[in-house]
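Shared between the two complexes below is chain A, which pairs with chain B and chain C, respectively.
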Partner chain A sequence: MSSITLQNLSKHFGRLRAVDNLDLEVPHGSFTALLGPSGCGKTTTMNMISGLETPTTGEVLFDERPMSKVAIGDRNVGFVFQNYAIFTHMSVYENLAFGLKSQPRRARADKAEIDRRVKAVAETVGLSAALDRPAARLSVNDLQKVALGRSMIMEPTIFLLDEPFSNLDSAFRAYMRAELKRIQHEVGQTMVYVTHDQVEAMGMADRIAVMDLGRLQQYGSPEDLYERPANTFVARFIGSVLNNFLPARYADGALHVGDGSVAVGDRRDVFERHDSAAGLTATIRPERVRVVDPGSDEATIRAQVTLVEPLGPKDIVHLEHQGTDVRVVVPPDRRPAIGSALGLHFDPAQVHVFDDATGLAVR
Partner chain B sequence: MARVRLDAVSKRFGNVTAMNAVTLDIADGEFFAILGPPGAGKTTTLRAILGLEKPDAGRVLLDDEDVTELWPGDRDIAIVFQNLALYPDKTVFDNLAFPLRQRKLPKTEIGERVQRAAKVLKIEALLGRKPAKLSGGERQRVAIGRALVRDPRAYLFDEPLSALDALLRLEMRSELKYLQRDLNRTLVYVTHDQVEAMSMADRIAVLREGAVQQVSTPEDVYHRPVNRFVATTIGSPPMNFLPATGRRHNGSVTVEHPSFTLRVADAGFALEDGAPCFVGVRPEDVHVGGGDAAIEATVFVTEPLGGETVVDLHLGDRVVKALAPPTARFAADEAVRIALDPRRLHLFDAAGEALVSAAGERLFELDVTG
Partner chain C sequence: MKKVLRIASISVFALFFGFPLYWVATMSVKPKVEENPPGIVVWHPESPTLTNFKDVLGINNANDNPFATTDFSALTPLKNSFLAAGGGTLLALLVGIFAAYGIARFRAGGAQLPFQILQLRMFPPAAVVIPLYFMFVYLHLWNTLEGLIIIYGAITFPFVVWLMRSFFQDVPREISEAAIVDGCTQWGAFFKAVLPQVKGGLAATALFVFILNWSDFLIVLVMTQDKWTTAPLFLSTMSGGSGGQEYGHQAALAVLLILPPAILGLSIQKYLVRGLTFGAIKR
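For the complex of A and B:
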């Protein structure tokens, strides 16, 4: 187990700043996700942690010890990649034992010890019944378990996983998400998990570093990112249903959103102090908008239904308000008719406000 | 305008059966999704409609005309491919105009059609640009525009969103649905993504290994899947399956699971006494805690997704996924009680075929064991 510290870490490829001045503290024993769209710098960051890439500037530290002079092989880092490299002519047992058997003779565990560790790891990843099976005959899903087990058996101090589930079908991904989270919980190893899939990051990680264009956007718990996004990028990127973005302005002690207004309560001082010459944008999650009678006093705004997307357990209802597409999540048994008018209630506590000039949350 | 029909179409490539007697009847003006995992035969089906694959057996019909022997160019169907094939050295205008110039339409008509398509797709301001200067979403709109200008009898879309990043996919989903509604044309949409199929289509055909499993509305495939394959393909997280045993005495049927027994009212299906079967329950129909919860389970992990929390539970030796409100907090290994909504349960036989789905009806009475 190790903590990881990234200090002013940058990696430039010519004029491209793949990673730009990144500071990050990964506590030991934590499950941390590096999350962002393709090209955000997450894989480059991981490659600098492992030693595959040398930072242009800045430092990677394990347990406060600088790694710049430490070679990849001596960092005691375990990898699991998207494209698992499994020896298909070997059995599952031989694949798992391979790393231990290929160590230098003086450092090598004896046969009984190797056997004990292979069986323990097989138990953890759920391959006990498949140990004698040739790897060539495994399903894609089981191959990924072998890749995970082969890395685990070396007992690395840090575990790095780069989109390990992206080849798996969605049902098995949902299953592996829970499995991996439980494995990490049990072995207590520091895990850094790279993904572009916010569901994976939210579901598994204790802490998530959201990156875009080489820069850290926000670092926090899944709840932090969802409930308190630091900027409009995070507000848009996190969540399975596209967030609502509405033009807003602050005047006379109230926040005006569309043609309605939202009480600002104790946030009044924040808005009074804030210079919002560039304008404001308010967000409220589609699953947090409450549908009310359009004639009701509770309606913050009124809008017309334009489209319904049925998802099974819930519907996403699209509405039009002053030229803006507003989305609301409703149960399927309360699906409104296209063209009908609905009242939408915005709970002030669920409304987040961002400065249009900086994209940053006003708080 | 066209009704598109496949009548028992089969197609083999060597030893692989890509289409096995596929029969589909797609109504004029319908948004129709073909859903399945890679290798299910989706793209071959699309190519057979388009005329790029000649069926080994069966017929392809447009309205009442048999077009099985017709060349693709004579079928008047437009396709949007997964990989956006735009001409990089041509402007957006010229990319859109290209299929029309090939057909030697008058210049003024080409101009009008391009402008009309650009307006529908909101790319009027981009007409002078080259593809390299466009974002992924804009390029996708241009690719769709190339199909649009032709004003064909039907549109075929082959995974048009799969090359886009997640956010853009979410945005384009509703845009495509608006677009199809405005065009009011038959649109056949191939995808492996059940959310796309559910959210956009009027009806969905679920394919597996070249064979049609079910064709129905999103509501129907969700609430009345015909087999475990469809039940697993539709919905996320996927449906839970609990192994159980059928019991039959004096004409009444019960289903026994170590934790509960289901009494089945009016069983109109065959389930032998002692036959193994599966109780299917979707994560949102597993309720953790609360007044009715009486089945003992242990928390494995929780996955906070923001809008909701997935709670993975051990029920016996199985992991069962439940959905809970985002405020729910459970510790690993915590002992909890759960309830299964009997009005939402499904029953499958040992082979995975659906015996019955409650789909909101009071078909099952659930008694907790012990």
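For the complex of A and C:
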């Protein structure tokens, strides 16, 4: 096991700042996801951890030991590439054994030991029956298993996985996600997982580092990101149903959202102190909006239903309020008619407010 | 209907390209009297014989050979051809593969280098062969095997770079990175992981370059004399003399010249196809 520390890590390609001043602490044995849209610097970060890229500035440390002078092969990391990087001129067995056979002669395991480890890993990833098959003839799903197995066989202290499941069909992806979580639990090693899919990150990782434009946006548990987004980027990026963003204004001890108002309670001081010259935006998760009778006092705002997306276990209802699209999740048996008016109740504790100028949460 | 048209057009092309081959092949086994009898066309040999081949390969004893005064044995030129074309191909591959990998993987030499290398092929060989002659005489490389190998290697080197560069570019860089993460050196990753991935391309490139060198006429004409004459040049000297045009012997040598590239091509056929379609890696 190893912890990973990134200190002021930057990587510039010419004028492009792929990664900009990144500080990150990945604890022993944790499953950490680097999450962000494509081009946010997550793969570059991963490559700097593995040693495939040299940082422009900053340092990567494993267990507080600087890695800048340590060769890639000596860092003891297992890497799973997005396109698998399987050696198609070899059999599955040879692919799995490749790392062991590539060690310097004095450190190399003997043939029996290699054989034992190849078979053990094949068992773990479910390839025992395919060991003799040429890798060129494997299905995409099996290629992924080989890639996973090849990274495991060196018994690395750190696993780095770069969007390993993005090419798989969705059923097998779900299966592999569970498999990977099981394997991580079994080997108990530190895993860093790059993905642009927030569902994948939320479902698998203990901790998620959200990145955008080369910068760290927020680092925390999935609950943190979902319940307490640090800025509008995280509020928008996290969540399987797009978050609601409503223009807001603080006046006279109340937060005015649309044409309704939300009590601020003990957050009053925060708003009083905040210079809201640039305006505010309030968010509330579609799952957390409660549908009430439009005539009821509980209704924070009233809105017209414009569209319903039935997803099976739940419906996403789109409503229009003062020109803004508001989304609400309801059970299918409560599906409203299009054009009908609904009352929406916003629980003050679920409403997060962001400053329009900085995008940061007002707390 | 479409199918019929396609088969018909393919047949026409096959006939067009196949007939000269047929003519050379049959000519090579015709006895002297059937070669070019006045007023008759001999479409197929009446009494096929291997005499032409035996003469050309120098295994006829002098008594059986009606043209014993003329030496038809192409053994030495054939051997020269193998050495010069094979050596030149090896040299071009040896240098070109590394150059191609450096360019494809590390952009060695900048964006212009591939074009600068290709530019070496932009002028016709005839334009450089005269200065090369003087240079090689001065360097004592004229009429030597080493000289031929160096020229053949230099002339086909740009092809190796261009062909292999595109094959290397099709190998995802993750292939070499994966090998490096697994503990290989940059060189180890190249030989163990990358090069085997382009086996097909390498075979195709080697064949292409070998054929170019094997069929060279101009360079060997200028750069050698008797001792290092290669087979194509020898073929051209087989006419004339007391026997007039030696169609049978020429055809026999032509068949022998066709064989090596043809055999090589057939033996690496599966790589040639793979060379065009490889890439089982999802991108």
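Details
In this text, the second predicted complex is superposed on the first by the 343 of 363 C-alpha atoms of A that agree within 3 Å, B and C clash if a C-alpha of one lies under 4 Å from a C-alpha of the other, contacts with A are read in each partner's own complex, and residues count from 1 in each chain.
Please note the rule applied: a contact is a pair of C-beta atoms (placed from the backbone, for glycine too) under 8 Å apart; a residue touches a chain by one contact, two chains touch by 3 or more.
Note that the structure is predicted; figures quoted are calculated from it, not measured.
In the superposed model, A:310 makes contact with chain B only, not with chain C.
Counted by residues of chain A touched, the larger count belongs to B, out of chain B and chain C.
Of the two partner chains placed by superposition, A:348 touches none, neither chain B nor chain C.
Of the two partner chains placed by superposition, only chain B is touched by A:196; chain C is not. Of the two partner chains placed around the shared chain by superposition, chain B is the only one that A:177 touches, whereas chain C remains out of contact. Once the two complexes are overlaid on the shared chain, A:247 sits clear of chain B and of chain C alike.
Once chain A of one complex is fitted onto chain A of the other, the partner contacts of A:226 are limited to chain B, with no touch recorded for chain C. Applying the stated contact rule after C-alpha superposition, one finds that A:103 touches chain C and leaves chain B untouched.
Within the complex, the chain C residues that touch chain A are 172, 174-175, 177-185, 188, 192-193, 196-197, 199, 278, 280-283.
The touching residues of chain A, when paired with chain B in their complex, are 37-38, 169-171, 174-175, 177-178, 181-182, 185, 196-199, 202-204, 222-223, 225-227, 236-242, 285, 287, 306-307, 309-313, 316, 318, 325, 329, 332. Those residues of chain B that touch chain A in the shared complex are 37, 165-167, 170-171, 173-174, 177-178, 181, 194-195, 198-200, 218-219, 222, 232-238, 282, 284, 300-301, 303-308, 310, 312, 319, 321, 323, 326, 332. Chain A makes touch with chain C in their complex at residues 50, 52, 72-73, 77-79, 81-90, 98-99, 102-104, 135-136, 140, 143, 150, 154, 167.
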